[in-house]
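So, here's a batch of structures to check.
What follows is a pair of complexes built around chain A, which joins chain B in one and chain C in the other.
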Partner chain A sequence: MLTLTRVSRRYGDTVALDGVNFTVPENTYMSLLGASGAGKTTLLRLIAGFEEPDRGEIAINGERIDGQPSHLRDIGFVFQNFALFPHLSVSENVAFGLRHRTHDALKNETEIKDRTEAALELVGLTGFGHRAVSAISGGQRQRVALARTLVCEPRIVLLDEPLGALDANLRARMCDELKAIRERLGVSFLHVTGSETEALTMGDKVAVLADGKIMQSDTPDLLFNQPMNAEAARHLNAWNIFDAGLCGAGQGQIAVRFDQIDVCAEGQVPEGRLTLGAKYLTGEFNGPTALSFFRADDGTLLQIIDHLSQPRLPQLDEGARYALHFAPDALRQFHGAA
Partner chain B sequence: MESRILRPTLALYTVAFLLFLYGPMIVLAILSFQSIDGGPQFPIRDWSIYWYQHLLGMAETSRVSQLPVGDSLIRSIILAFMTTVVSTVLGVMSAEAFRTKFKGSGPAFYLIILGMMVPGVLVGLGMALLSNTLGIARAWWGTSFVLHVVYTYPFAFLVMLAIFNRFDRTVEEASLSLGVSPAQTFRRVTFPIIFPGVLSAMLFSFTLSYDEFARTLFTAGRDLTLPLAIYGTFSVEIYPNIFAFGVLTTLFSFTLLVIYGLLMKRFTAKAARFTGQEDA
Partner chain C sequence: MSTLTTETPDTPALSPAQLRERKDRRRALGLLTPGLVWMALFMVLPMAMVIYVSFWTQTTFSVNSTLTTASWERFLSSATYLGAIWTTLRIWAIVLVATIVVGYPVALFIGLFVRNKTLQTALLVACVIPFWTSFLIRVIAWRPMLGTEGAINMILMKLGIIHEPLTFLLFSEFSVLVGMTQIYCVFMVGPITFMLGRIDVSVIEAARDLGASFGTIFRRIILPLSLPGVMVGSIFVSVMVLGEFATAASLSGRKTNLLGNIIVSQVGSLKWAFAAVAGVVLTIIITAVIALALRLVDLRKEM
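On to the complex of A and B.
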């Protein structure tokens, strides 16, 4: 179990992390979702020991690791650019840690070879060992980077936007494979990403990092359906967040999911629904779904999603005003400032 | 098209430029094949390799004494070699240090660079005076060696600084995260990747030291290095044996360059793979 307690890190006047409390349980696929610049990578680098926190503690199974040199931490790291050793072949890349690590380096060439091949097989690269790392594709490099880390059997594997450098098709396939590989090994993965889809798909648990703090850490469905604060909701890219006063539902910030708002002409709102008026701006067709954008009276941008199989929006004219309405129980109320 | 005029003009200019650059060397090479009774100027009386034989001590004794280059050549090579090793090691180490910002890195940078900025005559004279004051004997392997390092170290340092500037730090971090110690990481990852740069730094140091004149002139003491020895002979009287010697040293330098080129080719093939990786 990896625990971060009140971890802070600042660069000059910029606060990257501000008292992060965070736990990655054993045998878990944890996604960490955050916008770019939110401190995701900093968090990973602190855990890996490439940088040290200004304050706070980092511990694995109760044993403090902050302050330890990174090569003694026994933590795997998969880089966004893969960071393969360009002067070594695929199998030499994978065998590198086994052969040269400070603790428990293997001397027996047969054992190194066996474990290297087993690792390459695990990631589906049997027979690629002799290739140069320049002679394989992006997805294969990703696998080599993974095999190189996994063969050393680290206590936890940190993945820094591991799919960011892959194209969309490959990304979807690597998602499944990453999950499967992790389940086979039983080691915890901490996967950092800026994509909410990726975070929700991959994670057994998903944590949202914003403003240098962990906003919420929950199972994907719980997080998606019941974000605890406006920041968490905002990162899921599925919630409209607006002032409660707009629909007369009290004070503070409230959120309603994109798919739970209906539209009708003003004055025709059905009984028992909360409502607000808004101007229709434009629509965006995404294939299986269509997004419609509205501007509320206080300038807030609202989005409504329509699924192609179950269209529920009326014909909309750009610039016209409509009544948006939703069931009272679709609303999530947040306490405190956003 | 403007290139119809521009390109031939540029080509002509380039040819002229190259001729100007290599003219002296070509003249020198031609004159080195002068016959025994010819002087160090045109016309060539007869083609021969007499002056090469004379240089290598294979000709019968003549009125011209043999060039005293044997010992000084060896001295120069040893000195250049020592300088190369020390400057390159220092250069790599300090460039490595400059990868992270540290207090006083600005002044430190300029202090290193100063070694190649100050005029050689001044440093040479200064060193001669200093060694006199301190009672240290001047010698090519002592006082001169120190100045050669002071002079070539900035070059090695700048080459390595440029190499580290585009070095991807994450490969080192990847190595650390695999449990490999910083020292092993340098040996197994950093050094192999920066090796082409190290090679360039070595070449720089070697050639700069090999034909260094001003600094050596004041500090070499009794035993001369090659440039000093040559200068010493032709300040008296010039025979074509110096030209023969010039041709031979040029060939030697070319051999060094070819070895360098071959090594570079081997390693840049790997560097090309490296950029390929970043593209993906």
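On to the complex of A and C.
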């Protein structure tokens, strides 16, 4: 179990992390979702030991690891750009840790070879060992980077936007494979990403990092359906967040999911539903779904999603005003800071 | 109104691909011509001439074009000249090693530990500052430093470490080595810094994350990745040191004779054929050294 307690890190005047409390349980695929610049990479770099926190503690199973040199922490790090050793072959890359680590380096070449081959087989690269890393594709490099980390059997594997450099098809395939590989090994993965779909698909648990703090850490469905604060909701890209005053539901910020708002002509709102008026801006057709954009009276942008199989929205004219309405129990109210 | 025609024209025109190819070829030729003409006129032709002259007949004050191997025989049977070859090779080897030993750590610092590009450039420029003065001043400046009453001897005597001034410091092979190392070191620092600066920081972090200590990372990652830089620097330094004569002339007190010094003195006494022999020998040595260096590291693959 990896525990971060009140971890802070600042660069000059910029606060990257501001008292992060965070736990990655054993044998878990943990996704960490955050916008770019939210401090995700900093968090991973602190855990791996490439940088040290200004304040706070990082511990694995209760044993503090901050302050330890990074090569003694026994933590796997998979870089966004893969960071393969350009002058070594695929199998030499994978064998690097086994052969050259400070603690418990392997001397027996047969054992190194066997474990390297087993790791390559795990990531589906059997027979690629002799290739130069410049002579394989992006997806294969990603696998080499993963094999190189996994072969050392680290206590936890950190993945820094591991799918960011891959094209969409490959990304979907690697998603499944990463999950399968992790389940086979039983080690915890901490996967950092800026994509909410990736975070929700991959994670057994998903944490949202914003403003240098963990906003919420929950299972994907709980996080998606019941975000605890506006920040968490905003990162899921599925919630309209607006002032409660717009629909006369009191004060503060409220959120309603894109798929739970209906539209009708003004003055025809059904009984018992909360409503607000908004101007229809434009629509966006995404294939199986269509997004419609509205502008509320105070300038807030509202989005409504419509599924092609069950169309709910009437014919909309750009620039016209409509009444948006939703069931009172669809609303989530946030307290405290927005 | 113009009529559209779908007929192919009667004259067989070149396809756009062929036109493009022809244009590219013409451009390549245009870019190459000045260099080729220059090299042919001022390198290939003179080299051929030097080889030709080395077989001319040399009398005391004149040279005529009757072909003979006399100059070659004299050169290859003279202990002085063979000794000069040996001295040249020895000084080359020592200076090469010294520039690597002094230059590599500097390059390592600038290229790897300074990650600010502006500061990196500033430090590299600082390395070149000695070159803002003339070559002779840089060389002669070593005299007040190394002389019997020079700075180093004074300081050592004041500190009581020595009681007699050290005489081997100046006008010896030692001073030649010191002078050459100082002058040519920057040609080693530059290429190595360049190669080190190209190493992705995350590659080094990855090695650390896999459990390697700094020593291991240096040996297994940094050194191999910077070797092409060492090789390019070595070629620069080798070419310059092997053809050197000025440093040796002004710092050795004429005790150290390099092949370059022999060429200078033979040309000075109008012994063209003999100077040509030394010139050919020097060119062969330089060619061999560069060929060897390129053998050791495949630059095309590494750069």
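Note that in this section the second predicted complex is superposed on the first by the 338 of 338 C-alpha atoms of A that agree within 3 Å, B and C clash if a C-alpha of one lies under 4 Å from a C-alpha of the other, contacts with A are read in each partner's own complex, and residues count from 1 in each chain.
The definition used in the following text is that a contact is a pair of C-beta atoms (placed from the backbone, for glycine too) under 8 Å apart; a residue touches a chain by one contact, two chains touch by 3 or more.
The structure displayed is predicted, hence computed values, not measured ones.
Once the complexes are laid over each other on chain A, chain B and chain C cannot both fit and instead clash. Applying the stated contact rule after C-alpha superposition, one finds that A:S137 touches chain B and leaves chain C untouched. Using the contact criterion defined above for the overlaid structures, shared-chain residue A:P86 touches chain B and also reaches chain C. Legend: residue contacts after superposition of the two complexes on their common chain; A:R321 is shown touching neither chain B nor chain C. Contacts of A:F77 after superposition: both chain B and chain C are touched. Of the two partner chains, chain B is the only one touched by A:A165; chain C is not.
Judged by the touch definition given at the top, the superposed model places A:K213 against neither chain B nor chain C. When both complexes are overlaid on chain A, the residue A:K113 reaches neither chain B nor chain C.
In the superposed pair of complexes, A:H103 makes contact with chain B and with chain C alike. More chain A residues lie in contact with B than with the other chain of the pair chain B and chain C.
In the superposition on chain A, A:R10 contacts neither chain B nor chain C.
With the contact threshold set out at the top, residues 48, 50, 70-72, 74-77, 79, 81, 83-87, 96-97, 100-103, 148-149, 152 of chain A are in contact with chain B in one structure and with chain C in the other. Considering their complex, residues 48-50, 69-72, 74-77, 79, 81-87, 96-97, 100-103, 132-135, 137-138, 141, 145, 148-149, 152, 154, 165 of chain A touch chain B.
By the touch rule above, chain B contacts chain A in their complex via residues 168, 170-171, 173-182, 184-185, 188-189, 192-193, 270-274, 276-278, 280.
On the chain C side of its complex with chain A, the touching residues are 200, 202-203, 205-213, 216, 220-221, 224-225, 302. Those residues of chain A lying in contact with chain C across their complex are 48, 50, 70-72, 74-77, 79, 81, 83-87, 96-97, 100-103, 105, 148-149, 152.
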